[in-house]
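Here come two complexes built around chain A, the first alongside chain B, the second alongside chain C.
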Partner chain A sequence: MIDPIIVTDLIRVFLVFIIITAAYIISTRNLSSLVTVYAVQSLALVFIALLLFQIEGSTTLLAIAALTFTTKVLIIPHFIGTIQEKIRIKSDIQFHFLTPIKSLFLSVVLMLVVYITFVEIMDGASAPDDLFFFGAVIGISMMLMGMMIIFSRKRALTKVLGFLSMENGALLFGLFITELPFMIEFLVVIDLIILVLLTTILIVGLDSTIEDYHERLQRFHLWEDDLP
Partner chain B sequence: MSSIEFILYLVINTAVVLLVAPLFMSLLKKVKAKTQGRQGPPLLQTYYMIAKLFQKEAICSPNSSWIMRVAPYMNMAAILVAALFVPLVFVPGSVGGIGNIILFLYLLTLGRFFMALGGLDAGSAFGGMGSSREMSIAAIIEPTTIIVFAALAFAFKSLNIFDMVFASAATSVLATPTLILIAISLFIILIVETGQVPVDNPETHLELTMIHEGMYLEQSGRNLALMELSSAVKFTLLMALITNLIFPIGIALTLTVAGIMIAVVLFVIKASVLTVIIGLFESSIAKTRFFQLPNLFTMAFFFSTLIIIIEVFT
Partner chain C sequence: MILLMFLVIALLAFVGLIISRNHRQMNTICMVHSLVFALISVWLILSGKIPITSLAFGSPYFFIDHLGIYEVLICTVIFTCAAVYARGYVDGLLESGELEKGSLRVFYLALTSLLIVMVLTFFAENLAIFWICAELTTIISALLVAILSTRENISAAIKYIFIASTSMLFSFVGITLLFEISRSVTGTGTLSWTALLLQAHSFPTGMMTAAFVLVFIGFAAKSGIFPFHTWLPEAHAKSPSAVSAILSGVLLNVGIYGIIRIYAIVHQTPSLGTASSLLVLFGMLTIGIAAFSMIPEKNLKKLIAFSSVENMGILLIGLAVATPVAIFWVLFHIMAHSFTKASLFFSAGILHRQYRNPLSNEVDDDICNVFRYQPLAAWGIIIGGIAITGMPPFPIFWSKLFILLQVGTVSPLALFAMLFLIFIAAVAFGYFVLTTFTKSSEPDKATDIIRFPTPIGMKLPIILLLLLIFITGVAFTTGEVSFITAIQNELMFS
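Coming up: the complex of A and B.
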């Protein structure tokens, strides 16, 4: 059994790590590193769930850690990585409304607003220096940051990653404050996998049959079967 | 604290920074060369170069004024005074304004101001462009630097670097994870202030993109040696700020010969590791376009503001 103080400190370190990955996801223009960073962010969530298990002892946390590891660290990044390899899009430099710099500035404001709102809502319910409070604030901020990615990026792949990062925020919030029932978390993850699978179709167009769609990919040189 | 101890600190700190600074410049070049599959210069190359330049006569353009002759001395003086503010191996109690982080920032800016003036004075196109770009970058990075230093002050509850190192020596990175964010912000400041890739490429000369090197293209002999040495000292100081605040292990809190010796060795090891990291970081990325640079600064700004929010509200 690890000392609870060390566990708490480690959770704080992982929370800071998650903030760093979130900032990177918002500001980067490089698509391949985006997926890797998403996988690393999810891995940090796995560690947080495991560390929380050390404190609380709830087996649901272990199940969430296992599920997150399998889906968000292995399966989803693998799918998106494969799509990226096949489709020749390496960077995302198109933005709606917000450039990465403005997004970062806005994120700071969002975090501040979330913090102040939480203090108001949970007035008296939780001490401001509480670790769980800190985790919840970061969770909600990440959800809002993910939302910001969805509307500020033009590429479908980045939008999907914004959504995935948003879900990571929801999971973080769930871990620290409400503890979502495991069944809901499981269903959300299945939705995410379906979403990632659908992305392959959404990227080129919804209005095509599977055969037509594949032919379209070939015609526009978007798909390469013979990778070096 | 006795005044003798403080005088000893001044002597030791200045001597150590002057002695080890050129080593890190060579090491940085060596790491970058190795990643490119080259042998790279020997580790003592910068010492040889500075020693050789000190023996040579300083030749100035006939179009230049006294500013060009004075600029290297003023720059070196400002950087050496700034060097007293960052304890490398031994932390005394602070005396007067020494150790004040805002004053430290101003001293670095003073050195940069004279360097830019020297670049403009010779009237060459490259010097002018270098100075212009350097001051543009300085103006853009200034708010970020201030926010990063403010974050440091909030995190350590002090404006004095000596107090910060004392506080840091008493705690651990694990207990205060905001230090990780501070380290990233300081790393970005280090890259920008010392003109490394992706902001500037110190390896290039006579290239249209050069910034830092362009400013002392017209300098020669001992004046050039002073410029090179001051850049090396500035690089070492900013590294010392990161290593001694984030990993204060080994720094002497009392003045003993054995303590100082161990602290010097550990500082060289810590700074060498950081230099290797900087070298690998530089080798892994390309130089950024000038107008893309604010992206890099914003990251430091974001983390620092976050630290302030965390420190103020929790």
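Coming up: the complex of A and C.
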């Protein structure tokens, strides 16, 4: 058993690390490093779930860690990486409304707003512990940062990564606030995978002519033309 | 075993679609599938077995209560009409090359999946299961929006996914919070609608308000409430009309259904005041945005889509008032709006086939000599327009009237604001019909237009739905009243 104080400190370190990855996702223009950072962010979430297991001993946390590792560290980044190679987009240099510097500044403001709001509303929660409060605030902040990516980036593929980052925020919030039944967490992840699959397939279409799109879908065995 | 029956029938439909070889077979399977679902729903209602709180299969995550079966009935009627309509309509899309043959099976598989997921959504007893099913409806319907695979359609589908799913993540956080609230009060957390409704009176105000706001964001996006409404006009306008009817008549109901359920829970708590103010504010803004967007609109399907946004706003305000009378007419309005809107989209689909306006394009509708070429569709738009703007003897007249009267008892100012905005929306609709339907083609171009031979299958759903809304507008049976009252009782609004 690791000393609980060390576990708590480690969790804090990972939380800060997660915020840094979220800030990197907001500001970087390189698409392949975006996917890598997302995978690293998800891995940090896996470690947090494992460390929380050390404190709480709930097997659901272990299951969540395994599920997150399989889907968010391995499957989803691999799939997006493959699609990204196929459509040959390397960078996303265009921004709507917000430049990276403004987005980072706004993120800090949002974190403060989330913190103040949480102080107001969390009176009745059964997890008033500092660490859990900190985790929940960072979870919601991450969601808002992910949302900024969706609104400020032009490339749909970057928006998908923003959405995934948001989803990591929701998971983080769930880990610290309460413990939903694992079946629900599992179904949410399945839903996420379907969503990412569909969105990325559609993105291939946005970047192609229609003939090229059909050809690509046929190549990925997602299309058929066998009707009489 | 009822839920299992729905699932087995859906599975049979999937298998049938996979082995079928042509459009006619696929369409027949889809039609039979929807019709059987509709008949089961009618049988369940007439049998008097509702509510079924403990299903042999699917318990405790699913149940069938009055609100659930009511929504399923609306949903299956519209799906059946859409399936009948799709036979001729999809043939037209295939002929014009707007829909690829390769997409046909995907189209019907998506339609069949959407129906079963919708049924599961409305039968979900657990808030998280409902959330997952609602998310699945977004994914499947986005696929249907993108089915024509033009860049514009794909773009509309992606916009829809991002707005709806991003907002639904906030709902998920709200649901997590709600679970924690329930756990902090009872010791064991729950997301069961029924249990939450019974426990709600002891929920802490601050956290309950926060949970409601978060859950509301997601469901508001699903139902096209301002400021999350921007996906709706594009997705409705660019989808094939059979899909537009389902999006407007059924999919928007998913969001409103979620809001009704969560509001029923908040209704038992001290957070009610904040929640109802929020609903009034967003409801009013939604009606306002929709009404003013309708004025310059020159695309018929977009106009009808904005009218859906307006009606969602009316539902929110009716819900906020929350008197038994207001809730009764909100529930009635859901049905009336669904049937009327589906009939309007079906009529618009015929006009699109006639005037060959590609669904994906942004240009104004070029409609002329409409009574010569497509009299049924023209009358469908006129009668449907009269119905949707709230004229007697159609059901929306009654629901709007009583919702407005109830709003008046709470705030005369809100009543006048609503009346003004509803009037603007009605004028915008009337202006569009007057200017478009009175247009004649230039004499030298008159012979260029070839009359689209509208198949009977495309006419039948319009006639059926118009008859249905006329009958529901003039005849209130005691069964109908007691059924809607039972929904109110179950939601503890009475």
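What we mean here is this: the second predicted complex is superposed on the first by the 197 of 228 C-alpha atoms of A that agree within 3 Å, B and C clash if a C-alpha of one lies under 4 Å from a C-alpha of the other, contacts with A are read in each partner's own complex, and residues count from 1 in each chain.
FYI, a residue touches a chain if its C-beta (ideal position, glycine included) is under 8 Å from a C-beta of that chain, and two chains touch if they have at least 3 such contacts.
For clarity, every value in this text was computed on a predicted model and none was experimentally measured.
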| item | value |
| --- | --- |
| First (chain B), second (chain C), both or neither touched by A:104 | first |
| First, second, both or neither for A:19, with chain B first and chain C second | first |
| Partner touching more residues of chain A, whether chain B or chain C | C |
| First (chain B), second (chain C), both or neither touched by A:27 | first |
| First (chain B), second (chain C), both or neither touched by A:113 | neither |
| Touched partner set for A:187, first chain B, second chain C, both or neither | second |
| Partner chain in contact with A:2 - chain B first, chain C second, else both or neither | neither |
| Touching partner for A:10 - first (chain B), second (chain C), both, neither | first |
| Shared contact residues on chain A - chain B and chain C | none |
| Residue ranges of chain A touching chain C (in the complex, touch as defined) | 117, 120-127, 139-140, 143, 147, 150, 156, 159, 163, 166-167, 169-170, 173-174, 177-178, 180-181, 184, 187-188, 191, 194-195, 198-199, 202-203, 205-206, 210, 213-214, 223-228 |
| Partner chain A, residues of chain C touching it in the complex | 21-23, 100-102, 104-105, 128-129, 132, 135-136, 138-139, 142-143, 146, 149-151, 154-155, 157-158, 161-162, 165-166, 169-170, 172-173, 176-177, 179-181, 183-184, 189, 191, 204, 206-207, 209-210 |
| Chain B to chain A touching residues, read off their complex | 173-175, 177-178, 180-181, 184, 294-295, 298-299, 301-303, 305-306, 309-310, 313-314 |
| Contact set on chain A toward chain B in their complex | 6, 9-10, 12-13, 15-17, 19-20, 23, 27, 100-101, 104-105, 107-108, 111-112, 115, 119, 128-129, 134 |
